């Protein structure tokens, strides 16, 4: 026992995406501290974009250099195929969302200023901008990267928090309807903290059962340790609660509609797309790698949750009157569809199939979502964005193109062939069927038939109804926004017509499954 | 004998959880969450003792740090909404529903 | 030359062109020209089709599309597909000509003006998909077209239809979508169970052996087709959709889109799941026969022309389904021929009804009377179309209906006899409608009617001509259809029908 | 007993081109329909020419057929493949079909000519002639086709022509309704015919007469592939079809309404030709009926019932056309009776059919001529004493009258007498009923003649009767000549029976027709006819005829109301049908569609209720999370214990 501690080995090359993002985030903080206000935005913007691009590039590089066979950073992070794929999606979607965020209409001038107070007017007049959003966003993204690739529960917990905390704040920074925004932020924060406490306690119990928090360790331990099954099961349940909360599976979906509606739409876009991706990365790791041996215990429960999630999402969305709220419920339903893939485990080949299906679905869904919310940001009236569906009536006549694109996104959500959504659904359901979960798939298609109703309803509103007299105007989109819409639409088309390349990519990523 | 500690942590967690459900003041609700986190800490330390490895204790430190960060963010948010609404009651904030 | 791909590409490009043209009139002309080109190409292709050839699907093209799912871009036609493609290619230009003013808000009680270009672009897109769905030899590709087809039709009903249009459009879309999604499950399961790693139809024949699985998959496919066809009791969307859709769209909806259902039964249900098909035959036949009688009776009770025609179609789809599931050569060929003839007949009925509505601005039968006096040609063509609806001998519909009934009688006497009663009911609903609209003293509101103008004559003329020509000389079509039907039935393994006399002889030897 | 001879494939000669008989009138119809108003000026002439051309071809074919030895007088020519593997389109020229062809084209041409005059004032005369040509073509296809499918096509074709012509004055609601009724009632019969065809197909796998001869049927019966029950069913179903077309009970109701059509139509279609198609069908299907005695018996019963019903109706009608229609029903009843009596009967039936074609057409056209003169007055109570003003019409009508009541030596006498005699040998009751029918005929026809041409003038004030133009009277004359001599020519020496033999067979022992029979039956018949005529004279000749019909006895009312046939249909089919329709429509909207919409509404409602759970209170969300957590824990533990 000599006092020498050998330094941990860190695979900087592999981890560089994370490091870049975090580094950029910290620099961003420093900018907030030192750069003059009028310069900040013009520095933040390129910095953030560059950071994300760089991270993406290094992610690709990591993929090209061949995947490591063992976890990195002393087994804390597993930079494996799925991780890289998920990172890739997250980074692109984040990049896209940043283009949305770069819009003064989105964020409050000064969060500290009380709504309607004199100092808010002051802040608005002096053209302040809450430029902290950029570093916050970078932190959140970094958190996602860690969350989705963590190879032990501690790292995962840290990632979870690093991802969530900035988002709590971002939710509260809407420029219009600040009360709603702040309320969303509070709700998200309290419930998020509450759920992460569950995650933590579950982690503690699992640790108590296995004596380790590394996923690999847990997985191995399940085989050998015996007795105190209860401890393990409760632990599993609570871990599950923490994670399912993040993906908004029923009955933990309550926060989603409120938060999605209240938050600035750009942030909603970010959350709706990237958080789901990251969370599913984590879910898969925990339930397949760590708790794979417990399959027979958690699968039945997961069945129930998946079914409930699909149904609740579909049914509740039908009567929504706010477009963002409706999309929130739709994302609940989609989380349910994805869960069918999580359940479809079996032999290695089957797992790979399911995994790649989920990865493809995430990519497809993420793009469409960002696009849809981008369109939402453009439909405005006096009070800011025209959220209420009735205001969308006859949009198809006022601006056919925008309405057409939005309709296209909706059809993709509904899973109509020749859109990305269709192949996403198909892949997941196919995996589920070959995984023997046919009843689940039947529920899936039934609920997506129900879901189709409210997507179609919006189309009816936009195209078949006559415009409201004082209907909303279409904001002249910023370059960023229009770029986002274009990109999302392109992705939805391409993935809907030639999904093969992305499917291959997902297959490669999934072929080796998760490294332990 | 570590069982007692575990029971205690479970109790603390339960108290925290119940607190979140029944208290109105956002600050207090938040405190209850902190209480739940600390219950977890206790559990970690206990299990660390049980297994005779340091992971649990180490995790406890991490949790404290995270909790601290959470406090920072949480208070910021709560203060923000308190200033607009002149109330810290979580029940007042229910414009978003159905 | 990749005939089928061309047939699909031309209308798609045409649609792009039409939507780019700025001037409405020009757009219409472009659309018409494009559809005529497609028709011409189809005719040329048909002439090069060799019914006697050994290879089943001709003009076949197979390219990998999504290897990951074993999906190919696989197209090719046998006799059945060919005649249906020809039907589509023929109806589209006629519909375009007939819908000349449907979108530009003229005419009595027309819906408010909508984008004309969009309407005709949608028509062309729809045509491409209709051709695709019949040409697809890859089950997945078929499914893709099967679902995607809904969208253009949905918009055509929804934004160019009558007062109730959005209700009708949504009902149509959701109903079909629901069926389609059930089919999706079956499609997936088919792929998984067959373990052929391909969706190519020929390779999937006989791939599913286990009868239990067959039954489930059959149901998945069948319900989708039964909704599409539509078969009783999945039919209630059709009257709404057909009544609300503009006449042209209604023609394509009832004349072609719905045929995809019966076509699917014949092509996929029978061949992929022969055992299950035999197992469910009694059920299907009951549904079909009920549909025939029920549809006819409800049609008699209608007060709205388009709804009436829609219900007659429900009755007719009963005949087609009966013919498909009787699984005899005559019935099968009859059913296929029926699909085509019904396209002509119902097409003509809807379009002429459309002309009436365009003049009078109402589809209520009670608002007409004595039209024969003021516009005899309109009335005359309406009568011929109607008579084809009650399948009068000498019109092509008779041949198909006769073959269906005769072929069904070979196996299911009772069913065929009950179905035959539709012959009487058909006379009632058609002639009663004709009497109420065309005969009797001329109603005030009808006095000002003009007779069919040149454009409208060009719309009706070809249809009537085809009805009569194929009524006396159906051989050309049957020669194309028969071999295909034989192949189909041969892979279902049903014992072909032999007359009692011949049987005895066979026994004697 | 000698059965029909086999059918030979034929080529060349006139028979080889006998399809022209059908093609020419069809062409005429097409030209007139497509030509539109342009052809108004000469349209009617084209119609006549086409019909006459067909007649010429028919005669030529007839001559050529006679040139062949009796054993080869069944010539089939195949034209083209109609439905591959099912049936070809082909014609069969044999004594039976050619006699029909001659009747149709001959009488048809005369009526065409007559119509030129009769329809001269109608703006739509061209359309009328196109329909007439269409009818001739369809009727010829019906009788000339060499297979049942072709027959069915013609069968429906004449149905269409009849529909179009009854409803020719479609602006009259009564006409339109009558036309529709005729078509629909016929369809009921067609249903029977269709099913008969299916059954024949399922047994024999063919529709061609050459495969369905007596031999084939007997073999099938012997071979066991055709049960007695089946062949009886075939017979009855064919009969049902025949009843529809020939207005036999129970499908007679349409014929009287059909008189809404222009009179030439009533003469050609609803007296001379189309309505006799049922008889043709029964005779043509002799092979089946002879194998099914039950079916044959039913045929005779239907025949007798109808001949009495028709006669009774005829007795009470004041509308001259309706009266003639009733008589037509009755006479076809005689033919049907004959057709049910095997080869002997066939000959008499067809012979009566032909003579009836002449004298009934003759009388209808006469009636038309009268109406023409009385500006379309049809009520005989407003006629009377017309003999003086329109002699030709009166005389020709009178000849027709004598012929139909069976006045000795005239056409009707021989043919009707033949049927009655044969029936008598076959079954006394039927025979005597037929005799009774003859008596009734004597009464109602005399009544008609007396009310129309004799007695006091009861004309409307604005009526100025005058003889019709020669274009109308010449056909009357020609037809009346046929009404005089044709019967004797056909019957004496069994000329017609022998001629028909190749087609329908020949009975073992032939009857010996006399120029004037003195058998009991013959005398009885004459006596009854005389009584009937005398009674009619006493009631309508000598006595005053009231201008408005008296209420009349129950029997009279019964007859006026067509024996309550319509009332019966209405009670049994129409009203229930209407109810059924209403119920079905209601069920469809509320029931099935209600279910569909209800489902949608249900989901919506659920959604509306469930979303209330989302109260907006953080704490309730937290509760839901805690609750969910508890459930998950519980579930996991539960699963774990299993």
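Should a chain be cited, it is by its letter among A, B, C and D, assigned in written order, with residues numbered from 1 in that chain.
Basically, a contact is a pair of C-beta atoms (placed from the backbone, for glycine too) under 8 Å apart; a residue touches a chain by one contact, two chains touch by 3 or more.
This is a predicted model, so every value here is computed, not measured.
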Identifier of the chain whose CA centre is least distant from the whole-structure CA centre: C
Computed distance of Cα centres, chain C from chain A, in Å: 45
Length of the line joining the C-alpha centres of chain A and chain D, rounded to whole Å: 79
Where chain C and chain D are represented by their mean Cα positions, the distance between them in whole Å: 36
Distance between chain centroids, defined by C-alpha means - chain B, chain C (Å): 65
In chain B, residues with contacts to at least two other chains: 17, 20, 29, 90, 93-97
Chain A residues counted as touching two or more neighbouring chains: 186-187, 190, 194, 257-258, 453
Chain D, residues touching no fewer than two other chains: 600, 611, 614, 616, 618, 622
Chain-chain contacts as defined at top: A-B, A-C, A-D, B-D, C-D
Partner chain A, residues of chain D touching it in the complex: 600, 603-604, 606-608, 610-611, 614, 616, 618, 620-622, 624-625, 627-629, 631-633, 635-637, 639-640
Residues on chain B engaged by chain D in the complex (per definition of touch): 17, 20-22, 24, 29, 90-91, 93-98
Contacting residues of chain A [partner chain B, same complex]: 111-112, 114-115, 154, 157-158, 161, 165, 168-169, 172, 178-180, 182-187, 189-190, 193-194, 197, 200-201, 203-205, 207-208, 211-213, 257-258, 261-262
Chain B contact footprint on chain D (complex, rising order): 611-612, 614-619, 622-623, 626
Of all residues in chain B, those that touch chain A in their complex: 6, 9, 13, 16-17, 20, 26, 29-30, 33, 36-37, 39-40, 43-44, 46-47, 50-51, 53, 55-56, 59, 62-63, 66, 69-70, 73-74, 76-78, 80-81, 83-85, 90, 93-97
